[in-house]
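Every chain is named by a letter (A, B, C, D and E) in the order it is written, and numbering of its residues begins at 1.
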Amino acid sequence: MWQGIEMLFQHPSVNVKYILDGLFFGSIFALAAYGLALVWGVMNLKNLAQGDLVILGGYFTWYFQSALGWNPILTLPIVMFIMFFFGWAMYALVVKWVIDKDLFTSLLATFGLALVIQQFINLVFGPETQTAVSELGKIKFYLFGGRIVVPEIRVVGVLLCAAVAVALIVFMKRSRTGQAIRATAQDARAAKVMGINTDRVYALTFSINSAICGAAGALVAMMFLVQPFYGITYSIRSFVIVTAAGLGNLPGVITAAFGLGVLEGYANNILGASYQQFIVVFALVVVLVWRMIRLRKARMVLE
Amino acid sequence: MSIYKRDLMIYVGISIFSIVLALVFPAYITQIAVMFLMVILAQTWDLQGGQMGYNSLGNIMFFGIGMYVSAIIQIAMLYGWGGVGEYTSASGSIKVEIIKSNYLYGMFIGAFAAGIICVLFAFVFGQIFLLFRGPYFAIGTLGMVLAVAELVSSWEWVGAGGGLSLPVYPAEDPTESGRLYFYCFLAISAICFAFISWVVSTRFGLALNAIRDDEAKAEAMGIRTLRYKVSSWMISAFFLGLAGAIFGNMSNFIEPLEVAFPTITFGVFMVVMALLGGKGTVWGPVVGAVIFHIIKETTWTYMLGYQWVALGLLIIVIVIFFNQGIMGSLAERYPHWFGIKIEEDAEEATS
Amino acid sequence: MATKKEAKSNADKSTRGYHMGSVDTVISVDDVNKQAQAIAQNVTVADLDALVDGDPFLKIDNLIAGYGKMEILHDISLRVGKGQSLCLIGPNGAGKSTILHSIFGFTRIFSGAITTHKDGGNQDITALSSNDKLKNAGIAYILQDKSVFPGMTVEENLWMGGFLMDKPALAKQAAERIFDKYPRLAARRKHLAKVLSGGERRLLEISRALVMDPDVLLVDEPSIGLEPRFIDMVFEILDELQNVDGKTIVMVEQNAKKGLEFADIGYVLVSGELAIAGKGDDLLKNDDVGRLFLGG
Amino acid sequence: QETLTLGSAISLTGKYATNGVHAQNGYEIAKDLINKGGGVDIGGTKYMLEIKYYDDESTPARGAQLAERLINQDGVEFMLGPYSSGLTKAIAPVTEKYGVPMIEAEGASRSLFTQGYKYLFAVLSTSEQYLASAIALAAEKAESEGKDPSTLKVALAFENDPFSLDVRAGVIDDAAKYGMQIIIDDKLPRDLSDMSATLTKVEALQPDMLIISGHSKGAATAARQIAELELEIPMVAMTHCEAAKIIGKFGASTNNYFCPTQWAETLTYSDSLFGTAAEFDALFKATFDGYKNVPYQSAQAAAAVMVWADALSRAGSLDQDVVRDAIAATEMETFYGNIKFSEAGNNIAKPMVLRQIQNGEYAVVAPSKWASAEPNLTFK
Amino acid sequence: MIVLKDVSKAFGGVQANKKVSLEVEEGKITGLIGPNGSGKTTVFNSIVGYHPIDEGSIQFRGQEISEMPVQSIARLGLLRTFQQTRIYSKMNCVENMLISTDNRNVSLWDMFGSRTSEIQDKAEHLLEFVGLYRKRTLKAGDLSFGQQKLLEFAMALMNDPDILLLDEPTAGINPTLINGLIDRLHRANTEFGITLFVIEHNMRVIMNMADQIYCLSNGQMLASGKPEDIQNDKRVIDAYLGGH
């Protein structure tokens, strides 16, 4: 532990590295978390299959590269497109029937969905870990005498994250469909009375989420690796981020995601890699307790 | 009160039946033992999830803590406290002769201590986690169990991620240990059933239901909600700790991530079972656990490779079509079985 | 029309807010139901037709509807003419809101038919989806409880009212027309709806329903939870809508005196069945109705 | 003609699914070939082999239950092992209790063979040997360059599971023997997909050796991220290179990595069933799609089935204790290597092999008996 | 019994209560009226501890309660009902009543106490009192809107409160049933000696019931006095009642 802390001072470039990596990885987490915040906010759906959608997107990316030889970065829109329709199908088959039920029904149904997706991937693509390689160059720069190499795909990730965030904000504020989604989120029954087809809005929201997860998955395949049963880590991170940020708070989601990325890096260094999940969760509990203490002062509860 | 007694009689009947079953088909004894474990898991989950409306995803933590506490105590009883670290780092290659009475004594002391320690954990954790509500509680407790599992798996003294082999029950007849664990699980599940059905028949049960239906209202009525919530968690923790202790002995080899804190298997199964049977009822979790266990063992045999798909689809179908669970649907159809009387008013009928 | 309007306005003067009066008639819930069933007349469709001015514009025939498996409405018929107003009263849980829900398509309809008489032809709207109801059948619904979009501005709320219009610009024009009409709203157009007071919200809800320029307005308890002055204001608005703009209004009102005074036709609903139907003023004078539903 | 059923709980889902399937393929190919050749002759009767599988979901508790089930309900009298040391640890007490002999091919942990099990036999070398030759090689190289081995700095990144921790124990012992300094010792989480924090430390502290073990995902993650970050480490050694298919995925960047293996197709072993190691390699690739290199997990699984066939025919009886003794007396050569069990049940006739990736191919560099190439290694 | 002194409360920019002072006298029925959004519910919430107040003091029988948590205040014998009715919807009426008993002296051990027939009798007696006896085994959620209001009222009585705060007890209830409710409120006040503090928009109700009425407007105390005085108070008429 002390050794890790010492290193931070002896090799200052390490700090830059952790912070940069935190941003790069945070942007992936942020993508998955946007999606979750969207379905949570609009449909009140706590989607436990979030991470599995990410992994599925990753597998499509991998498949296009390994079987068809397509460049993974260029296939990203295709993956998003496919995932959009996949999301639509999932909505029509399962999600539709549970959105107006209680909290746990949706948690459990999406957990069932997660199992099915995992096994679907396992049966179709096999259980092996897979990666997609984007043949992009690397950016190098020198700081504090150290050398920092940034694979370009990580920059792409950050840019994509920013682009999706902006697109989402514009879409929500400006487009009629976005307005319909917002209206449905605020009061579904009233939206119906306005003639909004809430069912379609839900389907669309879930599909957009699915597409965003697909994009995150493509990045995961290009930066890390995918394996059919790895979804849960991304699900948990998404929940941690959204819970910590609070609903309907896009800047909060981004901040929390980056914060989490950086925190994981430092925790890995100081406590050791095996405490990674512990740190994620511990951060969540700390944030929740802190928020609760503040609310308690206001004699309110976290609900 | 009468319903409470009737329920107990039925449960005693079931216990006797399963003892007979286990004697007639000794080959299935382990599976029946695990079935009773499932009953315990579902029932203890339901005390929060069903009766109190607090959907915990982390109850499995007590199972794991119980397992480790009992394992360590048993080892310490054989090798002394100083010997635990040595034993774990040697991965079981240190052996002492043990005799049956020794083993049983260790197991019971270990199990009881496990229960008590779990109650303490529930008390402490409850002060924080039971202040969260809705999804925050569910996600918070999920995180809690993942974190505890990771801590345990980095703790060298208890064997870290490498796991821990336990002393083996010294019996000549290989089927004897199966019977032992079967009776243990049967006994725990019976006591657990009796205790939980008693407890929900008292004012305590009403308070839990009130918290489930409207916690803010309960608070506004002056009910000390936190006290009830923590007590309920402590009860569940006790039985989960016992169950975990016995399951550890049954498994022989324990390891943090998959055996002791199996969050995405047992941890989720307990919820599915309670929902399948009907949450918030005394019998729902029991019925749900039995049916789920049978379905699961069958699909694992006949649908090899697809069994998780089957399970996933099963969960989806359950939540979509049996939102009330089996007992819930029955209660709707045959309310008088459940003591719900709709009093048809004579006066109204005549006028 | 004009003469009628004057008459109405005069009648309005008699009741203010929740009105005053004695509180001596004490009847239990069960007794109300029982006595209501006792005085229930066998209301026939012919009776209903007789109350209508001209051709019925909105018709319900033998409607049986409910939620899930539960049947709430048993064989309900309803008739209201163009430009008329109808008020449903009855004890809590009688199924008043459920009738409005059924017209707009929020319930499960077991049998029966709902038709509108539009552009000279009858249109069966029983199975239309809610947005077709609004778009094609010209029916707008004002819900019983809060239904503004709290996180949107007043302006945006009105635009949402025109969500089904072909072009967003049309919705904006319609919103401008409404702002011209109700300066009280125009003053707050950039404010979020959640900061409005209860009365302003109700006004927003009503005017939002007007963006689509519907023929029929379904209004559920316009006065619930409102302070006395607002109640009068809301009824004035409704009055104007009916008598100046010629809208057809079907309304539910617990503040029954006020509702019946306002409406041309009154129906009394008990346990999902029509107990009494009559002209609003006649029902007001009916002693049984007064005792059972108006508080004596 | 009769059938004889072997039972096995194997990981078809869960974290070990990749290697579980490799092992299952190994069992299948050997079983089919033996059956094609007329089955096993036991005391004059020809028996066809059959294997009953259950999916243990990579969880030990489930594995133990399934072993009970195979033995009690399905009446299986002879067992094949599961994948991974953890699962084997859970199943061995059960087979031991019932006196069911089990020949396993995938549980390498040393601690399995210190428990005094009588019915457990393993065809593979135990895990502390995995990377021992890598350490020895490094020490040798350092000396030949005129450096003191004790100046070498070692970085370790091991998964937190029974197998990898055992490998780690072996490495630490060996490193201590040469007095090497361990400057990084990270335990990797189970759901590992990112090691950049560890690699950042590596970059900062510049160790001479980086040693990694974390099943397939550990190898894949490390190979990718070392390349991405352009780390220059004189020596990189990792387990599970073949299983993770790192050459195919990361190409030239994996050159010079050292990979321990239980077996290689270039070894000179042979037997009458599969022929030479190379012939096994060819047959396996022809039978199962998608293998560029045959993972040793499959080879040793096949060898375990061969040991069964051999021992059963020598026993000439289906009595479990007779068969056990026959297994204990095994002394045979297979395409996979020589097999002879110690008192404790592990195979002591076969050394581990260390290979290095050179020009996109695996080349054996140690032990010198099979070495086909000189190790490419210089310390700065 | 309850004394508010200069209580202020703001939500963000909205000043819901501005230096509100009032007194509720023991054994009497006190009314609180005022336009929508004038801060009536906010006064209730401040008293029972739903949010902290910005300034001022709230005393109950001379004890400062403005910083106590909700449950403790309730256990002093100060109870409220909600504007949107709140009952335990999945429990039946009797159970709703049983759990509403006085929590002032519940010891750790009493948590597991069984249901005594004494309490059962009291519950049934009170259900009869509000006219719900025949519905006692029905799930509370299946009751109609008005019956739920009555049940909530009965639950409050079950608790033996010293004072009961009622937030629009008659909103959305049929006028004739309102009469019944008023009758019961009167009886609760005289027979059980419970002090009542009532928010109402319905003048027919409040004028017939209250001994003393306070009128809020824009968060400030506009007027107070006997019903007749309030009814004729020019300010109240302008701000609230509208011209008669």
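By our rule, a contact is a pair of C-beta atoms (placed from the backbone, for glycine too) under 8 Å apart; a residue touches a chain by one contact, two chains touch by 3 or more.
Keep in mind that what you see is a predicted model, and the values were worked out from it rather than measured.
A.B. asks: Spell out the chains that contact chain B while also contacting chain C.
C.D. replies: Output, common partners of chain B and chain C: A, E.
A.B. asks: With centres defined as the mean of C-alpha atoms, identify the chain lying farthest from chain B.
C.D. replies: C
A.B. asks: Select, from C-E and B-E, the pair of chains that is joined by more C-beta pairs in contact.
C.D. replies: Answer by contact count: C-E.
A.B. asks: As a test of understanding: of all chains, whose mean C-alpha position lies farthest from that of chain D?
C.D. replies: Relative to chain D, the chain whose C-alpha centre sits farthest away is C.
A.B. asks: Measure off the straight-line distance from the CA centroid of chain B to the CA centroid of chain D, and report it in whole Å.
C.D. replies: Computed from C-alpha means, the inter-chain centre distance equals 37 Å.
A.B. asks: Using Cα averages as centroids, what's the distance between chain A and chain B in whole Å?
C.D. replies: 33
A.B. asks: Using Cα averages as centroids, what's the distance between chain D and chain E in whole Å?
C.D. replies: It comes to 74 Å between the two C-alpha centres.
A.B. asks: Please output the residue numbers of chain C that touch at least 2 other chains, ranges allowed.
C.D. replies: Residue numbers touching two or more other chains: 30.
A.B. asks: Mind pulling the chain A residues that touch 2 or more other chains?
C.D. replies: Answer for chain A, listing residues that touch two or more other chains: 119, 232, 272, 274, 276-277.
A.B. asks: Going by the contact rule already set, what residues in chain B reach two or more other chains?
C.D. replies: Each of 150, 153-154, 161, 216, 305, 308 in chain B touches at least two other chains.
A.B. asks: Enumerate the contact residues on chain B facing chain D in the complex.
C.D. replies: Residues of chain B touching chain D: 26-31, 34, 90-93, 95, 150, 153-154, 160-163, 165, 168, 174-175, 177-178, 247, 250-255, 257-259, 262, 265, 300-301, 304-305, 307-308.
A.B. asks: If we count contacts the way the header does, which residues on chain A are in touch with chain D in the complex?
C.D. replies: On the chain A side, the touching residues are 4, 7, 10-11, 13-14, 17-18, 21, 25, 119, 122, 126-129, 131, 133, 138, 146, 149, 151, 220, 223-230, 232-233, 264-265, 268-269, 272-274, 276-277.
A.B. asks: Of all residues in chain B, which touch chain E in the complex?
C.D. replies: Residues of chain B touching chain E: 1, 199, 201-204, 206-207, 209-210, 212-214, 216-225, 227-228, 231, 280, 340-343, 345.
A.B. asks: Which bits of chain D are touching chain A when the two form their complex?
C.D. replies: 12-15, 17-18, 20-21, 157, 160, 186-189, 191-198, 200-201, 203-205, 216-217, 220-221, 224, 228-230, 244-245, 249-250, 290
A.B. asks: State the interface residues of chain D toward chain B in the complex, per the touch definition above.
C.D. replies: By the definition above, chain D touches chain B via 12-13, 53-55, 57-62, 64-65, 68-69, 72-73, 86, 89-90, 93-94, 96-99, 109-111, 114-116, 159-162, 165-166, 187, 189-190.
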